[in-house]
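Read through the structures below before going on.
The following pair of complexes shares a single chain, chain A, combined with chain B in the former and chain C in the latter.
Showing the complex of A and B:
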């Protein structure tokens, strides 16, 4: 289980902001944690999947898409901030993500 | 790691034999079929399913052509694809070889770009007329060896083909949404589907690492039909006043599936649900049994409440969190629904002769369950 440090948090945020700025062709300064991915950025689930692939590669994560899918059904992501939080949980817990629901 | 359950591959042959009705096509029609398997694959449609299938197939060693409708912003789609593969190369998700091969991907509006395809999968709206017309346009301009597949979730392939439309190479390939997450495909064969077509599609589905059920047209769309029985039971219980739509969905999410029956229908689209259910029950002797569900969907369609896409269906969107009380009969309702579902699973499994291990896995994938109906 990876430990999330302040620098990991910053790095993830930077990657997510840059990703949506490029993909949705908006100025990065117009994105904040409350930005709605679908309503404000016209984003979609494919972008979410691509980001997961990027983080999987970057942090060498052992995580199945199916696990993330099951988690996302119960914890839907609507904003950039929620997406960052979920990515951090994925990095931290990998395939044990669903255990969070059992614990809570 | 293989995405196939250990038992499924060994059971597959038996499954086909029991449900199979394949006839051999004449040798001259076989000549131009791909000898070394399906490589060039076309996808038609840029909706949720078309884009989902296209994006899923990108991960495999295939040459893809994606045909989008005239309404699609093709420039934007092409640009996004280019950015995506560039990013994938930059961060090391793909290597140079894969990048070069992905650069050959064709994204266009011209169906003639599909000419050399070995397999074409259509994923356009669920409309018999539209789909038939598409296949009629495709047939004269596409390589005669190409297999035509429909991703329809409710229309049998024989309804979409005519005697002069390569019937030996006409099939159903029903992927499920979201394609990236649902490891299940319903492969529907007709009485005319050749053994070569079947074998090529089996290899293709193995190559793209998707578990599949091979079905004949009597048992086609078995997973949606199975869910239909739960949807019907749920609306009957609501109509009898035992609980509200929201309470019913809460009960289902708590006791059975990760999604509710009514929010599922809103998400698919009420109009699409209505058309699909009409197609499923066409051949049923007890059509009137489904009347309570059909008439509610007809009412919503008349009112323009087509689900999430119009802002209202069974629910109003965006959803506002409204706490609900659990109905007194929660345990009884949950038990009744579970028993209805379980007996439907057993009935469909017996009728279709699908091996229990295969059905168990398919049901698990479809409903997103941790444990299948046949696991203790």
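Showing the complex of A and C:
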């Protein structure tokens, strides 16, 4: 289980912001944590998947896509801030992500 | 410096035209309009009235196939005229007709007739039964097979796009229900296609054989470069091979992932998606390797 530091949080935020700015061809200054991925950026689930792949490689994560999918069904993501929080949880808990629901 | 080894790939059919890549490719839209006009005279007058906003016919399965084909043919013709020539041509699903045109095996009208006859033969085969197709990402092949078995769905996996990305074809109600179940099982993306024909589904064999008979008199010439089979990744080099492939393509499952891997192993390092969508280029982000997968927009920028 990885420990999330302030620098990880900053790094993840930076990657997510840069990713959506490039993919959706918008100025990064127009993106904030409350930006809606679908309504404001015209984003889609394939972008979400791509980000997961980026983080899997960057942090050498051991996580199955279907684990993330099952978690996402119960905890849908709508904004950039929520997406960043989910990516941090994925990095922290990897394949044990679903255990969070059992604990809570 | 050795020339870049490249392949032209042709998408099946567009689901929207929001990007319409090729905007900046000199001469592209003039060529596309010429082809629309020619096709309007030969198969369907409404094609000549096509435009991207008000008359884009996206709700019409057959016309959308014609337009995607014409768009793809116009793009590859322009690229070849600019001396950008591929070692291979590969058509994704119904993109096979544009691949044959690109390789010089058929003329524009023959491709349009293939599309028309294939659609009519398969529609006639399925009769009034509602069929559909869908795509799902995030599950393993085994997970999908298990879902199909568990509920006795009349569905088959008909393409693999990437390690966790699949296409299914079958009865419409079964496809819809299965996509919902897939979401619950952890699929990150699951949506149906707006098609009524379950392309590549094994039960279409009779319709495909009827198609084979209806194209007997249409001429197919040897290709100027091999066309790659998405069924078994063979190099198709003769008219006979191509004719058989056209029929098999309608009722056999495809494997795009294997096809792209095969091309990469052959040393192909650049893929150009010649068509109105960017779907294959987006899919390539989930396939590892030392290559570039570009769209018509990128060709304008880099050549």
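Convention: the second predicted complex is superposed on the first by the 104 of 104 C-alpha atoms of A that agree within 3 Å, B and C clash if a C-alpha of one lies under 4 Å from a C-alpha of the other, contacts with A are read in each partner's own complex, and residues count from 1 in each chain.
Simple rule for what comes next: a contact is a pair of C-beta atoms (placed from the backbone, for glycine too) under 8 Å apart; a residue touches a chain by one contact, two chains touch by 3 or more.
This one's a predicted model, so the numbers in the text were calculated from it and none came from an experiment.
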Chain C versus chain B on the shared chain A, clash or fit after superposition: clash
Contacts of A:74 with chain B and chain C, given as first, second, both or neither: first
Touching partner for A:49 - first (chain B), second (chain C), both, neither: both
First, second, both or neither for A:58, with chain B first and chain C second: first
Touched partner set for A:32, first chain B, second chain C, both or neither: neither
First, second, both or neither for A:22, with chain B first and chain C second: first
Superposition clash, chain B against chain C - the stretch among 235-243, 289-297, 307-315 or 361-369 that is involved: 361-369
Residues of chain A at both interfaces, chain B in one complex, chain C in the other: 45-46, 49-50, 53, 65-66, 69-70, 73
Touching residues (chain side chain A, partner chain B) in the complex: 19, 22-23, 45-46, 49-50, 53-54, 57-58, 65-66, 69-70, 73-74
Interfacial residue positions of chain B with respect to chain A in the complex: 51, 55, 80, 83-84, 87-88, 91-93, 178, 180-181, 183, 258-259, 368
List of chain A residues in touch with chain C within their complex: 44-46, 48-50, 52-53, 64-70, 72-73
Contacting residues of chain C [partner chain A, same complex]: 137-140, 143, 164, 183-189, 282, 285-286
